[in-house]
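I've put the structures underneath this note.
Each of the next two complexes has subunit A plus one more chain, namely subunit B in the first and subunit C in the second.
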Partner chain A sequence: MPLGWHGRVKIKSTAQQEEEKRKEKEKKLKAFVSARDAVLKKRSAGEHDEEALQLTRQLLSSNPDFATLWNYRREVLLHLETLREKDEVQKLYESELHFIEACLKVNPKSYGCWHHRTWVNTRLPQPDWTRELGLCDRCLSLDERNFHCWDYRRVVVKASGVSVEQELQFTDRLIGSNFSNYSSWHYRSTLLPQLHPQPAPDSFHSHRVCEEQLLKEYELSHNAFFTDPNDQSAWFYYRWLLGREEMISCVYVSREGERVSVAFSKPVHSEGLMLVLDGQPQQVEWRSTHPRLRHSPVWLCDLPPGSISDMSNEHNLTIHWTEKHTHRDCALYTGCAESWCRDSATNLELFRSELSVEKSSVLQAELQSCNQLLELEPQNKWCLLTIILLMRALDPLGHEKETLAHFQTLKEVDPMRSTYYSDLCSKFLIENTILKMEYAEVRVFSLSNKNLTTLCHLDQLLFVTHINLSSNQLLRLPPHFAMLQCLEVLEADDNAIENLEGLYHLPKLEEVSLRNNRILFSKKSKCFIRNCFSGVKSQCLVWPCFKDSVFFIN
Partner chain B sequence: MHGLTESVIAAACSRVGQSVLHLDRRNYYAGNWASFTFNGLLSWIEQYKNQQEVQITELEQVWRSLIDEGEDAVPLSALDSSISNLEVFCYASEEEEKEEEMKTPLSSFQPVNAETVSEEANGDSTEAHDTVTGDDTTASDAKTPNEEHEVSEPKEDQHTSDISEPSQSQEEKESQLSSSPADPPVEVQKKITYQKLVKEGRRFNIDLVSKLMYSRGALVDLLIKSNVSRYAEFKNIGRILTYRNGKVEQVPCSRADVFASKQLTVVEKRMLMKFLTFCLDFEQHPEEYQDYTEKPFREFLKNKKLTENLQHFILHSIAMVTQHTLTEEGLKATQHFLRCLGRYGNTPFLFPLYGLGEIPQCFCRMCAVFGGIYCLRHSVECLVVDKVSNKVKAVIDTRGQRISCSHFVVEDSYIRDEQRQSTAYRQISRAVLITDRSVLPSESDQQISMVTIPPLESSAPAVRMVELCSSSMTCMPGTYLVHLTCSSSGKAQEDLAPVISQLFHVSTIPGEEPSEGAEERSKPAVLWVMYFNMRDTSALDSSSYSLPSNVHVCTGPDDSLCSDYSIKLAESVFHHILPDEEFCPPAPNPEDIIYDGDGPQAEGPGFDESTNTEADKSLAEEEGATHEKSP
Partner chain C sequence: MTATLFSPNTLLLDKHADYIAAYGSKKDDYEYTLSEYLRMSGIYWGLTVMDLMGQLSRMNREEIIEFIKSCQHDCGGISASTGHDPHLLYTLSAVQILSLYDSINVIDVDKVVDYVKGLQQEDGSFAGDKWGEIDTRFSFCAVATLALLGKLDVINMDKAVGFVLSCMNFDGGFGCRPGSESHAGQIYCCTGFLSITGQLHQVNADLLGWWLCERQLPSGGLNGRPEKLPDVCYSWWVLASLKIIGRIHWIDKAKLRSFILACQDEETGGFADRPGDMVDPFHTLFGVAGLSLLGDEQIKPVNPVFCMPEDVLQRIGLQPDLLN
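Moving on, here comes the complex of A and B:
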């Protein structure tokens, strides 16, 4: 009878229980350490036997993150494999899968387990992928964000040839049970272009998904962000849907420099770029405009000396970008010193780098949905931001005023990111200015007194000769500034510019005005400035003081 | 009695070292909270019909002799009148399955107009049943025992015409069963005969009380706190449905539901989510509702510019309140619902596998582990009250034994009218259906659904329906067990049959299928149905009885969706009995219990050594009862 004095059950005291637990723990530790030592000894003795499997099994079942033991197990298995018949090998590895499953229960996020599982499946004479998929589903139903399992699932799907369609349904299911799941949305974004590709992709209209499906996906996103507008995952997916593929936006070639410049809609790597000149692939070295930029929207290369320098020859260049299966041509006609092929800024395509151009009625409808949501949720930053993006996609100049007002609201409701919004706003203002400049067909870029905090799209200013950035809040002239290969005059008075790194190798720069900035005048920076302009033939640098600095070059 | 409240009190008392003797006049646990196999239920129905008040007078002399001077005897009622208006109808084919298969093709030859007639015909047939079973019903009413004998009459007719008489008694079923040949091994999957139900009867666990557990309700909290949860397993309610505009629709209540809902526009989604988010901490925003505190919640919803859709969902399916409920109460109900979401799943509810009847049994088990003693089919005749202190000092059981006790806990149905100050109790209308498919088939056929059915007419009560799937271990595969509950405005059948005929196909002839293309065809068919009323005594309190202060009356199940009322009552009775003790502290893990002595008794926690009689004498307890042991 457990009933003691006063009929009460006697229970061990906390101290008693803890003491017992401590002893238990100590005992376990001892056993673990001695088993570990035995295993390591066996391994260094090169013993690859059943006992090794047994010992590592014991250890791994209590600590599946012991990578060395998994390695040893693989060595043993590889050895045993050579001694056995095929169906025995099958059995051997099947039991290994069972064992891993047990280990996954101990730690479902064990790198070692998942890696070993992938390996075992490569050794298994007849892998049972259905079972593996089932395992993934079970795991993901317990923790839908277990990225180890997501990774493994991709391996299984690939190996077993599960149809993309089924996988899309799988994401339907996961998103349905909880739409706050980046993994599912992201997976979806990789599947859609395969299942519903944009018909006949070309370099001008490369959306990721065909329009019919796109509309369905918009609806799905609406459902998510109307249900919970503060959940980012659906907004990110939506932005992806609205966005478009990277593409080559401009190819520029100059006879004098024997140089080709290629601009992209987004910063890219140079891998997969190929230059074909008059039908001949060229071995060229691609470089970005600044050595620090590995990811750049502009890449340059020098052509073999003499290949295009003769004015009387006509040349055809093609830039292939194998990664995105796209290319761009540019013809250099007789008598021309330079040539380019680009999307004109006045062409509706430009600056839709964030949002792709749908039939504008579709985008208009999206804008309406978002405005509707904004009415319900006037403080929602995701909604505000998406509206800004949609407005830009539809009519950036026409919506400029509203856009600026929305930016103001954004900075108020999300002060933690006000700098980000300032930068973004600067970007859009620059884009608008570029558009206006293009409409006016001039090579003068003037953007003074606009509260700019950053400079971007400098690749679009490839041909600008005069630039006025006075009275803004710029802190620096960034490395990208080096893209202004035609720049002659730079005015940037009344900013907060501290360094001039971006004035690197601007071949045509003649005049720089940097009055009232915060440039730190040191030997180093003097030296730097000299180096910057070292390529210029004759220089005359004047800097009475940095409160009032004007550089005249030439 | 071992209703939920009594079982919890018994467990709580036993847990802190009180001796508990638990007596029940029935032969099963959990009283009106019990769940039965199909066959068990059929016996229960028979018992109900045969209940008689016969031997009372004879026994009285026995116990009178045990009362001493200075003591009063307060007799208890031997008769349980908490169930009334019990009626049973069977619509499953009663033919043998072989014949059934042959019959199937015939149904397609039914005249086309059958579909338009079917509903009317149902109504007629129901009335017809009424008249036939009318005797059953009144006869089974406890207060007219003389008519009981007539119960058997209609059965004889049945033997001659199975088809015209859907209502069946247990004996008849048994006789049919025994006379019928074994079921053919190959069955037609979709047709379920009555014989099949009986044959698979053990797969059913049919609760008399239908309730769900709020995942943050008093019951779940108690199960967790006391470690009693280890004795049961639970399943999530998969979805909340509602009946609206003649259709069963899913109610979007969780975030995932709202996201996936096809009935709501995106703007409605936002409005709903916004409103629900507000409800989660509505106390923080009094300005939003203070003008409505004296007005109905419904008005408040209207004022919030919620669409008709959303008002319906919130009022009927989320807050689950009436048209007249005031705003603050509606907000609180909504808040409670929302707080329960996501703890165990996408709805706020859990249901115990094998039925709600498991829960009182789990507490009985804990009580037994700590030494409580259980006797079924053993009741108390009368209380022995000390005239001076006006306290119960002992009870006399049905075997004429006198058992002393310091407290007596009893269920309301044992109290005679003489001891009542107030008989202002209500009734609950119940229907239990076995159907052949879900009211809203979906990808998964193994979901438990909770269905809210707003009043069909303004005067009718709102009905709550729980549809259990076979994986809840309450019904055989291929069937659903459907519980309907409402507060009564009349007999259970009157209250609930109209709802049933809206949502289900009730055939006129057992086993008949609705004709091709009929609207009826899309509805689940009712195979078997039972109606009854259960007394709802939850409005009574200690002032409703004229009993000694150490007699604690537990009222039976209330009509609400959850068991909180019964749990809170148990806690308050416990504190009344033992003001200084903790209510259901966590039971220790078995390995942490120290067994004294090295004797073999250490093995069985508890009661193996004491026989019932011994226990009756040495420990002073009663009916769901507890007493402090004298030191």
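Moving on, here comes the complex of A and C:
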């Protein structure tokens, strides 16, 4: 879009002023059209001379987005190159750089200008990268958020071999001196993995940056938002520091059907999935749980008949996920019809970063500091959200009550984002329930009456047989619900569910209760429901419009 | 600029239709002439917003189609206007216009496909034209053009996807090139790209959705990245991205609607970037398209990936995946 179409204030003026403006514009227009026509005529005639440079110079100074003129200029320059000696070519392009800089002064955000400068440096016999870096420094000192300039700087740094350390120091200076420094924090996030990489690809680590450096980054960003608690850039960066990586969530094996199910924390492709049974790689065909999911968080396969059907045999399964160099083992013991692998350590890795003692104490100190800041700024939403994230990193179950209270405050101080906070809170409640389940070794997932607005981490519920989601604010059972391969009973009364797509083909489902929802009844939906439950042995469906009566299919 | 007591708070569709219908009829208008370098996109903005308002018939179909024909070059690429050079940006706009008019075959489609294919680089990225500027905007232009023509299979898809993913940042957003800062316009292009290529699962929807919903300022308007001013065009770039990744409910819709409506000019029709500024067709399209995404029933449903009426895409048979 034309840059000139932003920030033009509409000013009321008198009839006389309007007439003057109109005359002025008419004059300008005439001049522009005349120059434009002259240039395009010359180009059509194939003229690549000094006059062409003059005419395009005149027009481009005030119309740097007129891209075709830059193209013509490049054609002229390339032609002149063939006619001149090397030192003259150097002068020609240096003069071009002066011209571009003059254009940039008028318009520092023109894609055309910056690209042309990049191009000129590919033609210069001897580019002067120091000068180019100086230009970037000056430009960024005027506008630290000019992304054109940052991108150009990256080109200069790459071409001239400026060190990553030097650039990191540059970001230190900018972050220290400026208010609006998101671009610097961003640049930092790209430099760190180059300078302080994670030693080996490891499923336990959440970052491509080594822990020692990460801990330093906490301090850096902490200082920034303590200096100015409304400096949102530092809070965004901090959240990144607390992040985590994806991995295999769960493996479930059943002798009945000789089926293996593998769940991931995010949708993946089945390429790169390898199954090893008792030391022998298996040739299996993986399928996802819902035909619409080409990339699925859960993949299923059937072992060759007789592989694990005999209850008197013990088996060891390993799933390898070659893409992330990670794997999960699952042991199927004698006398056991099924098995799954998830342990508390795994869970904690999933829901927060793996914590070394050092990192744990750093985060504890961070939490204390943020709590102090909150006393000074009780309405600061960045602080509230960060405290929640820190608590989750340290002890999600221990801090559950406080977390819920903080979410309540967040929705009050930042009401525009209350649906975001409701969804995030739902996610954390689901995570906590999953954590509690593991300690109790049960297969029942119960989260009724918790203001749940969304469902997630269904990949963690692969082996669950009973789910109770009653009295929440769910709008649907999403397609990923089809992951719940062991589900026998679903209670979801008193929600706002409109869409039942997730009930597709749950092989073990026997009982469903959906009173008080918003399911729309049509022939189509009844057919859909019938198809959902086809293939299931016996079903008992409690259907809202029939009140307390029971509705059988088949 | 903040909305005043006298800012519009109802949708003035008829005024906007009149504004667009008249725009460009005065060929000696200063702003109009100076924006010739993007004329093809300007026509796409005008036609799309008229179609969304059910007023496409007021535009001069024959004149526009002839104009497009005159803008296709020997290499297959299409320029913004006669006498200008071809570029991916205007090639997409032209194909979008011809799709609206169901007249794609007035140009040489095979040559367009060749042109687009020829702009893919070794690393999977796309240049905007033969002069080599690389930008994820052009990755979007390339796949959107080919999708509308039913020819996505001609490019190296894996590499194209790989390049776009290499532009994903710490905050879940996307920039112009690897290492570039996240920006709502680029995020729209990249999520649109990933939708068309069936790779939306690669997006961290919760993280990006948070970054996007933080674009909403106290005025209700949206900015394009942290610490910037709100602008009605971000009602499109941000909102469409949120729709594509299934997180549009994280925006305060009522407040955004008020902001967009306040950007209307009651006198002239059209929308400006923010209340009180001068209007133009670009902001008019994105204001109306944003309102459509927010559910305004007076406007036709708009497709968040292509920024075209849904009924046009249904006719073509294009229904790119969105996250839920």
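In this text, the second predicted complex is superposed on the first by the 346 of 554 C-alpha atoms of A that agree within 3 Å, B and C clash if a C-alpha of one lies under 4 Å from a C-alpha of the other, contacts with A are read in each partner's own complex, and residues count from 1 in each chain.
In this section, a residue touches a chain if its C-beta (ideal position, glycine included) is under 8 Å from a C-beta of that chain, and two chains touch if they have at least 3 such contacts.
As the structure is a prediction and not an experimental result, all values here were calculated from the model.
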item: Touched partner set for A:17, first subunit B, second subunit C, both or neither; value: first
item: Partner chain(s) touched by A:224 [first = subunit B, second = subunit C, both, neither]; value: first
item: Partner chain in contact with A:29 - subunit B first, subunit C second, else both or neither; value: second
item: Residues of subunit A touched, compared between subunit B and subunit C (which is higher); value: C
item: First, second, both or neither for A:412, with subunit B first and subunit C second; value: neither
item: Subunit B versus subunit C as contact partner of A:51, first or second or both or neither; value: neither
item: Which of subunit B and subunit C A:377 touches, first, second, both or neither; value: first
item: Subunit B and subunit C footprints on subunit A, overlapping residues; value: 1-2, 4, 6-10, 179
item: Subunit B-touching residues of subunit A, taken from the complex the two chains share; value: 1-4, 6-12, 17, 176-179, 222-224, 226-229, 369, 372-373, 376-377
item: In the complex, subunit B residues that touch subunit A; value: 16-19, 255-256, 258-260, 266-267, 269-271, 273-274, 346, 370-371, 588, 592-597, 601-602, 605-606, 609, 629, 631
item: Subunit C-facing residues of subunit A, complex; value: 1-2, 4-10, 25-26, 28-29, 32-33, 40, 44, 63, 65-68, 70-71, 74, 111, 115, 119, 145, 147, 150-151, 154, 179-180, 182-183, 186-187, 189-190, 232-233, 236-237, 240, 243, 266-267, 294-295, 415-417, 419-420, 423-424, 427, 478-479
item: Subunit C residues within the subunit A interface of the complex; value: 1, 28, 30-31, 33-35, 37-38, 41, 79, 83-85, 87, 129, 131-133, 135, 169-171, 175-177, 179-183, 198, 201, 206-207, 209-211, 213-214, 216, 218, 220, 225-228, 231, 233, 247, 249-252, 255, 265, 272-273, 276-278, 280, 282-283, 324
